[in-house]
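Working notes, structure below.
Order as written gives the chain letters A, B, C, D and E; numbering starts at 1 within each chain.
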Amino acid sequence: MNPVWIILFAPLCAAAVITLLTRKSQTFSALISCAAILTGFVITMQLFLQKGEWVSPAPLQWLVVGDLVKIEFGATIDRLSILMLLVVTGVGSAIHIYSLGYMKGDPGFSRFFACLSLFTFSMLGIVLSNNFIQIFIFWELVGVSSYLLIGFWFEKHSAAEAGKKAFLTNRIGDFGMMLGVLLLWTNTGTFSFAELPAKIAAIPAGTLSVIGVLIFCGAVGKSAQFPLHVWLPDAMEGPTPVSALIHAATMVAAGVYMLCRVSFVILPSETALTLIAWIGGITALMAATIAIAQNDIKRILAYSTLSQLGYMVMAVGLAGITPAMFHLTTHAFFKALLFLGAGSVIHAMHHEQDIWKMGGLWKKTPITFITFLIGTLALAGVYPLSGFYSKDQILLLALEHNKVLFAMGAFTAFLTAYYMGRECFVVFFGKPRDNHAYDHAHESPLVMTLPLVFLAVLSIAGGWGEYVPNFLTGGEELEAHHEAWKGFALLLVPAAGFLLSAKIYLKANPSDAPVKAALGRAWTWVENKYYFDELYAWIIKYVQGTIATLCELFDRWVLQKFGIGGLAGTTSVAGKTLRLLQTGNIQSYAFMFGLGVTVIIYYVVVK
Amino acid sequence: MTSELTLNHYLWVSGLLFALGIAGVIIRRNALVIFMALEMNLNAANLALIAFSKYNKIVDGQVFVFFIIAIAAAEVAVGLAIIVALYKRKQTVSVNELNSMRL
Amino acid sequence: MNFHDTLFWFFSIAMLLCGVLVIANRNPVASAMCLVLMFLFMAGLFVLLEAFFIAAIQVLVYAGAVMVLFLFVIMLLDIKASERRRFAYLGVLGGVVVAGAFVWELRIILSKPVTSLQTGTADLSAGLENVVKPLFQHYMLPFEVTALLLLVAMVGVVLLSKKDLK
Amino acid sequence: MENLLTIAILLPLASAFLAFLLPAKKPGAIRALALFATGVSLLLTLYIFSQFDRQNAGYQFVKSIEWLPSFGIHLKFGVDGISMVLLLLVGIVSFCGALVSHEIHDREKEYYILFLALTSGISGTFCAMDMFFFYFFYELAVIPMYLLIGMYGSLPAGKHGRTKEYATMKLTLYLTAGAVLALVGLLTMYYAGGRTFDMVQLRENLRGSGLNQKWVFAALLFGFGFLASLFPFHTWSPIGYAAAPTAASMMHAGVLKKLGTYGIIRLALPLLPEGARQWVDLLAILACFNILYAGLAALTQKDWKFVIGYSSVSHMGYIMLGIATLNVVGVTGAVLLMFAHGVMAALTFSLIGFFYHQTHNRNVPDLSGLARKIPFIGVCMVMAVMASSGLPGFANFASEVMVFIGAWSQGSTLFRIATICAVWGIVVTATYLLWAVRTSFFGPFDEKWNMLNDATTLKQKFPYALLLVVLLVVGFWPRTLIDIIKPSVAKQVLSQTVEPKTAMVETR
Amino acid sequence: MNLYATQLECLLVILGIGTLLTDAFRPGGNRRALGYTLATLVFITLLYSFTIHPVNETLFHKMYRLDAFALFFKRLFLLATAFVLLMGAEFAERFETGVAEFYALVLLAATGMLIIASVNDFILLFVALELVTITFYVLTSFLRRQTQSLEAGTKYLILGALSSGFTVYGIAYIFGTTGTTNFDKLAGILHAQAGTPVPPFILGMLLVLTGLGFKIASVPFQIWAPDVYQGAPTPVTAFLAVGSKAAGFALLLRVMLAGLLPVASVWMPVILVLSAATLVYGNLGAISQRNIKRLLGYSSIGHAGYMLMGLAAVNQLGAQAVMFYLAQYAFTNLCAFLVIVAVGRNEISEYAGLGKRSPILGAALFLAMASLAGVPPLSGFFGKFQLFAAVIQAAQTDSRFYVLALIGSGAVVVSLYYYFNVARAIYIEEATDITPLPISLPMRAALYVCMIAMLGLGIYQRPLVEAATLAAGVFGLR
């Protein structure tokens, strides 16, 4: 029994056990769930530290039709997957523990952990998949578990809506991905990651780039890239740990991971790469701009997640697999940290999420404040925190490939520092605006703060010595393709951001007024997220709605009324007319009788 | 001197009579007269049979006619009985008033 | 044009005339009278065809029994020249059409002399027995059935016109 | 063994006759009898399934009784991979149907008689190896369906002013119209094939007989298409389900409908391969209409049963598409989907039945937040909906993927486009199903549904659980069925149909 | 020998006359009891008839046959008679007069039918036919206090007489152009003479067809059926639908397939067209009928159409299909009419909730309707199946038959509609009055016999099919 299977299936078993047996007892459920993921974490650690090559377990033949279709269920164990395993199980464990405190007393406590375990299972599945169908399977499973967790408080209107939105938006991405997979298969006859690279060469360039783009669609959906980014902010309706785990650290990163995993399909195609890069860049910038005008503590983080994902995708687009994974890892650390911090703040403020109702909290919740600050700096990419290294790699990559993208990236970095500064200052400094809430505010319990500290450490140290990239590339040193000074030069960007935000918000009663004034119309646009939601709502309502109604009308009127009804109508009318012969008058009867005879004779004899 | 009458002459006569019979049934509304017309039909048939049996020198035709006549008589008896009963009930023998059942 | 033929033409034309009158007459009694005549002329034709026995039966049964029956009923119900409008014009049209069509078809059917695929040698003028004998030998079964039929007719007539209803 | 199969098929019918003799005053006994009959035949089916030789692609457990020698009609039952799977489906669904029938309180006797007769009819059709009895059992469904819907059905008033009488009559007429059309085709085959009704024999004889397969195939395709709700002959289906009582909708949507596609797979494809090739393109196009058109129509529906009704029409489209591919992957996928969709549809309808029985209202917008009051049903419904929108882990996913692969690998542009439509169809499906679930089960709870009771006892939960488990087992390990289906499809159905050259073959 | 051949007829005649005498000598006896007794006796006769074996050579100077075909139909008629007598007994109170005479007439008509089953000569054919027809004139107008009955009687009388006029005229021409009235000789002569026959002969043939078409109510001679079915007393309607129609088909088969087979190429197209027309007329006309007897009138036209399909096919299968169909049709229709007699109402709306008022009546009527519609597992299904099979067989050589088959299919669908509307009244609609209906024991028994027969013949068709095959074998068709 290969230990990998344990990593993968422990959470599934946990989920099953909880739903079937221990639903009633909250403690048990929680313990089982946490135990499952911790086991995973431990085993992953073993693999990680283990010297020498890893052995992938023998795959099972999951779906076999003759020699035509062979779909395996296997596990790839290589540096990439192990790194990702580490992230998922590590950050996951932290968040599981955190949830013990955060979800305390919620009626759906057990259900929460069941779903969490289900999610962990599916996420690990994605990480381990060794073929396209398998990854698609877990892809979908991740989608559904996020659907369940977003809609965790299903009686909340907005929550239920958000879950649905997330699921459907992902579905649209998956539509493309499925087609891409099919196209790839018809050209190579296999789904397996192991066999594919050899066969890629045979595919004509045009087809290949189509495949690349289609598969990228999947990532667009899952990693909430423009134009399918709309679901992620709404997903914040879910409990904060969920936002941290799924919508910051792991699931949304799955898109990026998948792209790295199947890089052999994308890298050869120039067109695909360019498209990916641009999508990434656009997302990064757009999300950052939106973030500056949000008031919900979690939504700000959500948009920043978007823009960071944009970075990663851009990196992939620039053929920088390693930087992408690097940033993914560090981002997982500090973004999870930030969310958990935000969660702790919300917890302290009794589920108040509007930053303008907070303020001056640093005295009340010191640990949260410190860790949150660390997260912020890391995110902004301040030396020597992890964010600095990973972001640098991406920006410098852009610098040497595509100046425009570099500019966008740099500006995004500036905005990042700016809006994170804004959030920090408004939440933790200044005068408390809601005194009642402020007085009752309190530091969170240990189960919640401990993970904060753990993640804080990681966010600080995650980038040191470029350890992650080295691990990925199997030890051999990356050729130092950039001089150090460029990296440090880039430090000016976040600095500027912080300064600006400090100037505006670091005061007793900060407000957006000056910025509003400065930006004018632009402000309303960013405040309303460029009206994407409205646009899509319109499309759904009017385009799809109209078509659907047309179909329905066609069904009811054309097919049923005219088609069937017409047929039935004609029949009965014909019947009625025929029956008019039945006058009841003997003379007419005799006439028909005689006529009938003569007609028959006419046709047989005369003709 | 030989007769230039052929079988067809007789068949024509019977045919015309038969046509008359049909016409009568269709035209008249008086049940009794209709019945007379029906008798004409039968007679037309008789004539044809007799003529055939004469010209084919086969006697069966005549025998058949014998049966037909007998049956016709019976039919008339029953038919008239029904008509009488009908008259008792509806005070009419006009068939176009018999349309309580239609369509 | 010998005597025999003259008779034929006379009988047939007269008979057909009577037939027309039967239909055309407003008064049922008159129709009945024409019918008698028609029967008699028909009997004449039978004679021409050497079917003496049948001719006799024709006179007895039809001109005798049947006609009496008709007249009897007419008198019984004393149907006067009942129908105001004698004919329904549609009816007339229909009748003429059908009869006309039939005759027209007959013209084609009888265009060639009708012959039989098989002819016998019976001498019909030889007298009664060769008509009557088969009746009781060859045609015994139909004869019996006819007897049954007459029984049925009797029962039926009695039932239908019996006065008292229990 | 052979006899076991026959028993499994005819036991319900026999018990229907038995129930006829039981006094109507003892509904309990009759209900018990029905449960017994369906349960036992399910067990027998499972046993046969376990004994089924997976290497052997031919018919197994064949039992033949000479019935009408002058016509060469035999009462001949046997199962190959395809019919085995579907027989299993009948067993499961009918048993669950009998279990959820406790909601019937009026004229139980007639109800169970009809239900049992229906069950036998369907399983008979799936196992008949003689074309006559295939048709016999096929038509056998007419009477029970008509009465079940007519007597026990319910149609919320004013659905376009249609009554349940209208619905059931429409359904019956469609079923029969299709059947007689197919009959003409079958009889033509009978004569062209040297006057035998035996499917195996007939297949040999028809090979190389000068029969003009084009029109015969058309007769069969559309004849059976009526029952399979092939566009545009589908309009009976949604309203029919809407009007039917729970168990009837389960049986109809779950299994009866599959008779149509089964007929095509069992008779039309193998016996008329040339004919098949002339019509698949049209079939594929119609299938796309089923998928997208019905899906979109479902978007506008308000009544739960109409939503599911249209969705089942749309799912039949996938099966049709799979059939149209004429390659092993596609057809196998189609058969598997017949099974998966059967279970799924049965599950959905039974769940709707559960709450409709209490609310007497299944209008989606009128329901809200039911999940609080009936969590178990809610969970099952969510899973059912997920299954139906092709979520991995449920049987539907595996089969749909196979259909896609099959259709895509068929190669021609038409089929490529068809596949794209089909894949998009999944998005549409998810849209309306999630809407329905989200509206009626999630969101703020509406106090007026306070009287609802959840399925609490094991007895109540069992049918739903059973159906779910089946979906999951097959979903997690599709080879449980595929390994059985595939050889039969290859040997019984497609061995004469030259697979169209696929793009993949070129590259190999 | 002759006596052996005609013993069944003799028995019936004796029964009939006996009935008349008993009535004459002790009037006012228990009419019902008499009816039941007679029914039983006829039923016994039916059982006895199974001891009779076919006789190969023709009897009564080649006029009469006692072959398998004849026996098949004789038994069918005996069966029908027994049931009709039973109905008569149930109906007895509703006759003002002459119940005994009624029984007697039924018996005599039955005699006529039995003879019809074995005619082999046009003269005997005509005489026997008239025996039946004239008896039916009387029976139809039996309720002489009811206008409808008399009206029906008059219509049947006039049109019937007209049709027999045509028949005689036709026979005359056949006789005149072939010199014989005997079927065997006829066939021989026609066979010897090659090529299409002369127009006068065809005229004769068509006119005979007219007469027979009238009996089976085929278009364009169907026009009388609905009115007469509606007006006549219910037992008589049943007898018309089962006995008289079967007699018509017996003659049709015998004449066409024994006498006129050599010229089949001439009459086959006619039958083909008539069959199609009849199917359309009967089924369309029935769609929106409210009176159940009238509905059955139209439906009987429709079924004539189905059976004509079998005749048009001109093959062994077709002939045997027609016979099978007639037999099962007898059970089905009798079942329906038994229910109508028991309920005593004619408007379909008055059958609402019958299933609740009397489960057995409801079930019986429903099964009858389903069988008429041709739905398995009822006998009607297999009847139609055979007919379609016959048509498709013919279609192998003449593709026109495919059209016929499709028209037939359409007819099946339409008929399902109006038959199931009756079913709907029985089971789905709410009862207007819920007074339970009492049923006499013999009635109950008869109903069970019919239901078992319908189901039995539907599921295990073999015995009847083999009998029909044997009977149809006498024509030596392919």
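FYI, a contact is a pair of C-beta atoms (placed from the backbone, for glycine too) under 8 Å apart; a residue touches a chain by one contact, two chains touch by 3 or more.
If you're wondering where the values come from, they're calculated on a predicted model, not measured in any experiment.
Any chain touching subunit C that also touches subunit D appears here: A, E.
Compared with subunit B, the chain whose C-alpha mean position is the greatest distance off is A.
A simple rule picks the central chain: find each chain's mean C-alpha point, then take the one closest to the mean of all protein C-alpha atoms, which gives D. Ranked by C-beta contact pairs, the top pair of chains is B-C.
On a Cα centroid basis, the chain most remote from subunit E in this structure is A.
Chain centres here are Cα means. That of subunit A falls 102 Å from that of subunit C. Distance between chain centres (mean CA atoms), subunit A to subunit E: 77 Å. The distance from the centre of subunit B to the centre of subunit D, with each centre set as the mean of the Cα atoms, comes to 65 Å.
Centre-to-centre separation between subunit A and subunit B, using Cα means, comes to 97 Å.
Residue positions 579, 582, 584, 586-587, 590-591, 594-595, 597, 601, 605 of subunit A each touch two or more of the other chains.
Counting partner chains per residue, subunit C has residues 88, 91, 94-95, 98-99, 102, 105, 108-110, 114, 116, 118-120, 138-139, 142, 146, 149, 152-153, 156, 160 touching two or more of them.
In subunit B, the residues that reach two or more other chains under the touch definition are 7, 11, 18, 21-22, 25-29, 34-35, 51-53, 56, 58, 60, 63, 67, 71, 74-75, 78, 82-83, 85, 95-96, 98, 100-102. Contacting chain pairs (ordered by label): A-B, A-C, A-D, A-E, B-C, B-E, C-E, D-E. Note for the complex: subunit C touches subunit A at residues 88, 91, 94-95, 97-99, 101-102, 105, 108-109.
On the subunit E side of its complex with subunit B, the touching residues are 122-123, 126-127, 130, 134, 137-138, 141, 144-145, 147-148, 150-155, 157-158, 161-162, 164-166, 168-169, 171-173, 175-176, 179-181, 200, 226-227, 230-231, 294.
Touching subunit A in their complex are the following residues of subunit B: 22, 25-29, 34, 95-96, 98-103. Partner subunit D is touched in their complex by these residues of subunit A: 61-66, 68-69, 133, 136-138, 140-141, 144, 151, 154-155, 157, 160-161, 163-164, 167-168, 171-172, 175, 178-179, 182-183, 185-189, 202, 544-545, 547-549, 551-552, 554-556, 559-560, 563-564. Taken in their complex, subunit B has these residues touching subunit C: 1-13, 15-30, 32-33, 35-37, 39-40, 43, 46-47, 50-60, 62-63, 65-67, 69-78, 80-85, 87, 92-94, 96.
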